[in-house]
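Here subunit A shows up in two complexes: once beside subunit B, once beside subunit C.
Presenting the complex of A and B:
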């Protein structure tokens, strides 16, 4: 079948199941039920024999008490980012126990998860689903078809939707817990492996059959506030030596790019937002944590200060720049789904206006209203964009998996203006293509492309084009950008793929927007 | 020309991106930035880039090797067909300016370019250059500006590089001579800590300079703001 974007795949994908094709960004709303949950109730403390206490001494004890078996799905969050030890610890124990055919449903996969490649090869892991993946060994293993079933890439809003709807059932959630008490109250902002908010694990703690808090900082009951996961959600508490390496969790600071071309792109984006009337009282914005996206926030901040504008909120992955804007009174609140640096971890633990939001609250299209729906401005990156403004953030132009959807298509759909900022030439290639290698976010949700060689506005946004008539900004059209870029770089030969589908890219509503095939 | 950004003429990526920094002029350097073994490759790469890429948004300035070296004439003859706006005359003295003008007469004639279209920017790199700046400007009607190189000037004097006060005499002399002759004066590149750039550019402007060399793309915005 072909979906509405002309992307072709079978009706049924082995290892994934029946395909629901993408039909459009705003076609799949309405009433729907959530799946039921299973819980194991706990007697009062004075009625609980020591053997039934939540606190476990070893991962094997946890496995025994749960009765883990082949074919299970384990949920993990990625707030410890490239410093995470928990996924590897659990999967090592699973491999040693001889478990097979496991599904790792981690919200993010990083370079630190390289040991998983061995378990993929040995059949311990046969499926991975995630919202984020960094370029590295696991991404390479997926691309080369080592996984027995296709990987599934869901957005940050799409993953909670899949869990709530029953599309993906989590058997056991292993929640890395920077601070935890013996009864399972978890705090993410304290402890040697503090990582801030634990937003991405909430659908797992709500809907998994078993929830295990894995901590390296066991404290007396009750854990200090703010408690993010409460005891009524947690079956077991497992104490380990270390849940993560602080050096890989949050970088000390995140910085605006110092590249003058990146800064000029960001300055143009901020100027466009101002001219189009988006910098005004009550505004809201989200940017990625990359240097160029952050630079847009820095230039927007300058314009807010100059105009005396007070914004409603900043959202998404939070950095010290948003924390500063909150402190300065430029924003009234932050909705935080991921702390990117130490300032944001500290602020999340101290400032009531710095609010945690779950992945579902952030971007789930089938909730009663996600925060992205209230977003004015979204600044995004892209590896490729096509003439219809469809964006790829999943594969490089060589077909190799180098990322996953993250919040890209949640925010582009929800925001009033979604701007992609990028250099026109990346490496030796022009990032504007006739056809992107993999569609992650549909062009109908992308409004503007700002590059170092000019700005293209999606023709569907006639209102923006009219507002910016007569602007001094370097406005052009996307076809001219492509021609200009290809004149410099040449047109690359098409990549050749086998028929093997190595990953399925779901749109946030659970329909399939594209698939990744194994490059030849 | 408020800002003149120096780039290595032998770096293909910089040749592609040079127009993106917002500098009024780009100085493609064939001299100090390019290793001796790469000189041939650099001048050929540069002339091809000037033919193929669109540099209409900037003033294209080329710094050849010193007229005291054999590469000087080859640089001018090879790159002139790419129609740069100006050539720098390094270690400027009146006879070097005259020689540069003669080479360009020949290059323009051989390539059917309008006579006198390519201009010269003598670079004042020595004490003698400072003292003879008026004569340097008067040596050819092709001279459209003068550039100052403080590092080489101080080295020639035998003075250790210090603060802006060391440069007051040289800067004043150059700026005044340029003003009288009706040509632009472009101040030396700044190589200190980033937060000192605006003050250094301001000091040059206060003495009458009309623009400044940007040592890299990060300096362009500040220089443009100071000389605006």
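Presenting the complex of A and C:
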């Protein structure tokens, strides 16, 4: 079948199931049911023999008490980022027990998860689903078709939607817990492996059959505030030596780019927002944590200061830059799904206006209203964009998996204006293509492309085009940008693919927006 | 143009290319191009052709040209190739 964007795939994908094709960004709303859950109730402490206490001293004890078996789905979250030890620790123990056919439902996969490649090869892991993946060994294993079932890429809002609707059932959730008490109250902002908010694991702690808090910092009951996961959600507390490497968890302070081209792009984006009337009291803003996206926030901040504007909130993955804007009173609140640096970890632990939001609250289209719906301005990156403004952030133009949706299509759909900022040329590659290699976010949700060679506005946004008539900004159209780029790079030779589907890219509503085939 | 020695031009920075020219042992210009596969898969054929044409336009009849690319554009490739050839021609 073909979906509405002309992307072709079978009606049924082996290892994934029946395909619901993408029909449009705003077509799939209405009444939705959530799936039932199972839980094991716990007697009062004075009625609980020591062998039945939540506290476990080894992963094997946890596995024994759960009765883990082949074919299970394990949920993980990625707030420990490239310093995470939890996924490897659990999967190593699973491999040693001889478990097979496991599904790793991690919200993010990083370079530190290289050991998974061995388990993929040996059939311990046969499926991976994630919302984020960094270029590296696991991404390569997916690209080269080593997984027995296709990987599933869901957005940060799409993953909780899949769990709540029953599309993806988590058997056991492992919550990396920087501070935890013996009864399972978890604090993410304190302890040697503090990583801030634990937002992405919340759907798992609500809906998984078993929830295990994995900690390297066991404290007396009750754990210090703010407690993010409460004891009523947690079956077992597993104490290990270390849950992560602080050097890989968060950088000290995230910095705005110093690249003059990146700064120029950011400055144009901020000027466009101002001219189009988006910089005003009550405004809200989200940017990626990349240097260029973050630079837009820096220029927006200057314009807010100059105009005396106070914004309602900043959202998304939070950096020191947003923390500073909160402290300065330029933003009244932050909604945080992930702390990118130590300043934001500290702020999340101290400042009540720095609020955590779950993945579902962040972007789930089938909730009673996600925070992205309240978002005015979204600044995004892109690997490729096509003449219809469809964006790819999943594969390089050679078809190699190098990322996943993250919150891209949640935020582009929810925000009033979604702006992609990028250099037109990335090395010898022109990022504007006739057709993107893989669609992650549909063009109907992308409003503007700002590059170093000009700004293209989606013709669907006639209102924006009218507002910006007579503007001194370097406005052009997307076709001209493509021609300018291709004059320099030449026309790329087409990449050849096999028929093998190595990953399924779901839109946030669970429909299939595209698939990734193995490159030849 | 006759080449008498091995010569190199260019740099390893992003957007640049290192071109090394050696006098050929047989007639014709042979090009060996290395670099990132994402670039070579899409532009490798074009880039090799640019190097070969630059050499032939300068009248080089016999050469082995080795190039290490870091995502250079054609004008850079032409400039580095020409520079390496003129250095090699003595």
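Remarks
As a convention for this text, the second predicted complex is superposed on the first by the 520 of 520 C-alpha atoms of A that agree within 3 Å, B and C clash if a C-alpha of one lies under 4 Å from a C-alpha of the other, contacts with A are read in each partner's own complex, and residues count from 1 in each chain.
Note that a contact is a pair of C-beta atoms (placed from the backbone, for glycine too) under 8 Å apart; a residue touches a chain by one contact, two chains touch by 3 or more.
All figures in this text were calculated on a predicted structure; none of them were measured in a lab.
By the document's definition of touching, both partners, subunit B and subunit C, reach A:488. Look at A:261: by the touch rule set out above, it reaches subunit B but stays clear of subunit C.
Residue contacts after overlaying the shared chain place A:363 against neither subunit B nor subunit C.
Once the two complexes are laid over each other on the shared chain, residue contacts for A:316 go to neither subunit B nor subunit C. Counting residues of subunit A touched by each partner, subunit B versus subunit C, the larger count belongs to C.
By the document's definition of touching, of the two partners only subunit B reaches A:452; subunit C does not.
Once the two complexes are laid over each other on the shared chain, residue contacts for A:429 go to subunit C alone; subunit B is not touched. The interface of subunit A with subunit B overlaps its interface with subunit C at residues 425, 488. Interface residues of subunit A, counted against subunit B in their complex, comprise 258, 260-261, 263-264, 425, 452-453, 488.
The residues of subunit C lying in touch with subunit A in their complex are 14-15, 36-39, 41-46, 70-74. Residue ranges of subunit B in contact with subunit A, taken from their complex: 16-17, 20-22, 53, 216-218, 220-221.
Within the complex formed with subunit C, the subunit A residues making contact are 396-398, 400, 425, 427-429, 488-490, 492-493, 495.
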